[in-house]
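Just below is one structure, and these are the notes that go with it.
Chain lettering (A, B, C, D, E and F) follows the sequence in which the chains are written, and residue indices restart at 1 in each chain.
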Amino acid sequence: MAIVYLTRRFHFSSSHRLHSDMLDEKTNIEIFGQCNNPYGHGHNYELEVTIKGTPDPATGMIINLYDLKKIVNEKLISSVDHKHLNEDVDFMRGIVPTAENLVVEFWQILKDALPAGELYELKLFETPNNVALYRGEWE
Amino acid sequence: MAIVYLTRRFHFSSSHRLHSDMLDEKTNIEIFGQCNNPYGHGHNYELEVTIKGTPDPATGMIINLYDLKKIVNEKLISSVDHKHLNEDVDFMRGIVPTAENLVVEFWQILKDALPAGELYELKLFETPNNVALYRGEWE
Amino acid sequence: MAIVYLTRRFHFSSSHRLHSDMLDEKTNIEIFGQCNNPYGHGHNYELEVTIKGTPDPATGMIINLYDLKKIVNEKLISSVDHKHLNEDVDFMRGIVPTAENLVVEFWQILKDALPAGELYELKLFETPNNVALYRGEWE
Amino acid sequence: MAIVYLTRRFHFSSSHRLHSDMLDEKTNIEIFGQCNNPYGHGHNYELEVTIKGTPDPATGMIINLYDLKKIVNEKLISSVDHKHLNEDVDFMRGIVPTAENLVVEFWQILKDALPAGELYELKLFETPNNVALYRGEWE
Amino acid sequence: MAIVYLTRRFHFSSSHRLHSDMLDEKTNIEIFGQCNNPYGHGHNYELEVTIKGTPDPATGMIINLYDLKKIVNEKLISSVDHKHLNEDVDFMRGIVPTAENLVVEFWQILKDALPAGELYELKLFETPNNVALYRGEWE
Amino acid sequence: MAIVYLTRRFHFSSSHRLHSDMLDEKTNIEIFGQCNNPYGHGHNYELEVTIKGTPDPATGMIINLYDLKKIVNEKLISSVDHKHLNEDVDFMRGIVPTAENLVVEFWQILKDALPAGELYELKLFETPNNVALYRGEWE
């Protein structure tokens, strides 16, 4: 059976502040620049969720897109959309909300949530020009 | 001489909260929904600035794009990029930062700042799907 | 008070066949070419609905986007999304579903449906390269 | 010699109906929802064809894009563009035209058709938000 | 009868150099900066051609898109696509190829070429961020 | 520690001519067609630079985007932006400037320039439809 990759794109609009509790104020400003602005700033994020699997012979689907949308919206998007990622999102407490860190935390939330197929890749666009991608790899 | 419209697109990433001091808390939530979240949320805004004028016979330009970029960045974008529109932006104090209100306030700032041509239109994308446009019209 | 134009973008996926009952079969093929294929073909349509009005001083809104989305989805999008425009859509009976004809019929449906503001413009993308626009003008 | 991946994007506009002959009517509606509409609906599909190979030292090309366009248009796009995927396309007979199934069938048609380089990946966009990708993998 | 605006988007890839024979070398560099590079540079241009007219009652078309594409490609795109706008294009001789000047010259070429409808607007994207628009207005 | 891929998109506008000194004039025209035009033509190129690495526990970053932008702009983009790739760019002397060859040469320039993380992938868009990708692979 053919192994196919199915991607669904999601959208959310959030604010965040790049600030590390492990660094002093001066270093925070040096490293994060205008992203360290105390009141934060925001983005229209786009998240591409990719599932790897074999299409069901009867339905031609790896996973029903209705189910995929429902799961990702309930488990993840509802927690971050129209929120402040530092203040409103429990799973980001104490974690600097860079695109790199966000995409790794999103993986933890979604990896066991799928009824069919297997989570293969998350691609998070902070802007059309800044993108972080995670495939569950560790070293 | 031909009358041409020249548009330059600008980008900025900001956070905001839709909340009106003229309304009580319950009404704010009813009207603005998740956009009323106290810590705010954010967007990658795109602003299209359109100048109307006649190309200079020697240069073929209505306005030099270097000048246009410098003016709009200094007078406007630097005030809103990587900022919280309710907290950090003086000209938005007491004004609900909807796309409609933002684009009218931006017009006030830019309309007299151009060395050549005439401000014709501002088009503000809050998301690719939500857009406000202003041409300086009043009633 | 400032007159502002607010645009919301909608999406729908439909099939259609370009075929005119006023023309014989040979002429239909000559004029519409591959768009005359009997089983039809389809598009991801995008519709931009633009409202003209003055922002409410208390809310900063011409119209609440929640209301605009609800109205357009109920009155129009639900009738055309995931439908065959020749077979499934009552208001298109006997009308060739070109982008030009679609956008005029959509105007009839939406023009009196808005609780605030005034319908100013409909822009229908059949593909990113083919677009029809209507502003309610007649001759 | 360097191994490079060359991608060319193609477009086609088709209609389809998601319906499985292996399932009863009620189950078809439950699974496919509005995509099961009897008259079908449609999409502007985009197909990215990626070739893997080493650039020719004389021409700097893996494959001449004129040849690649000619082959893919003749062998594939002409069969699906402005067509109903369930009714007009022989190689889709009896196969539910989900994006997953389409991309696997497209691979069978294109994999042996290239004069230079090797078919590496097909990426099919049903909409900008729904994408299936195939690399010829089996299990 | 309804007055509708139909837009078709065209693409061409050209090189140009911003340099004015009416200015000395130093002034050319001051005004045009890196765009004055002697060997030129280039762009993927996009041109939106908008026709104003009333849809034919039998066909639902203002103008047949096959005809519009044929006319614009033959009269204009073939002269500029894969060309150097200063060196290869007769109608640009002695004219600085800014977006503003290009769009006015394009208008002269297309305004009398249409068999149905009336040329309403040309919109030329030099990049996604730099756009010139012309509607045939003079002062 | 999680292995994440961070991508930053860059833009440059250049002209080029596809012409091989290893081929005679007739063969050059046969192979490269209109891309062999003596005065050249041009593109708005987009380059996606992808870094592979582990986010720093203190900053959440693989590499500071300010540093990445500075390095890629200084080492690469400044050499090709608003330039003629055959005439103005030393590292392209004698190399046909196809997208395939460009992306391999870009890799040589960037692969040792990064202070953190590791260059994983370069993706070069000549147009939105023509793309070359390189991951440092050889055979």
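By our rule, contacts are C-beta pairs under 8 Å (C-beta built on N, C-alpha and C of every residue); 3 or more make two chains touch, one makes a residue touch a chain.
Everything numeric in this text was worked out from a predicted model, so none of it was measured.
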What chains, if any, are shared contacts of chain B and chain E? C
Interface copy of B-C among C-D, A-F or A-B, judged by whether over half of the contact pairs recur: A-F
So which chain is farthest from chain C, going by the mean of the CA atoms in each chain? F
Does the chain C and chain D pair touch with the same residues on each side or with different residues, judged by whether over half of the numbers are shared? same
Centre-of-Cα separation between chain F and chain E, whole angstrom: 29
Averaged over CA atoms, how far is the centre of chain A from the centre of chain E? Could you give it in whole Å? 42
Distance from chain E to chain D - Cα centre to Cα centre, in angstrom: 34
Of all residues in chain C, which are in touch with two or more distinct other chains? 128
Name the touching chain pairs, please: which are they? A-B, A-D, A-F, B-C, B-E, C-D, C-E, D-F, E-F
Touching residues of chain D toward chain F in the complex: what are they? 1-9, 48, 50, 54-55, 57-62, 64-66
Residue set of chain E touching chain B in the complex reads 18, 20, 22-23, 31-33, 95-101, 103-104, 107, 128-135, 137-139
Which chain B residues qualify as touching chain A in the complex? 11, 13-16, 34-35, 37, 39-44, 81-84, 87-88, 127-128
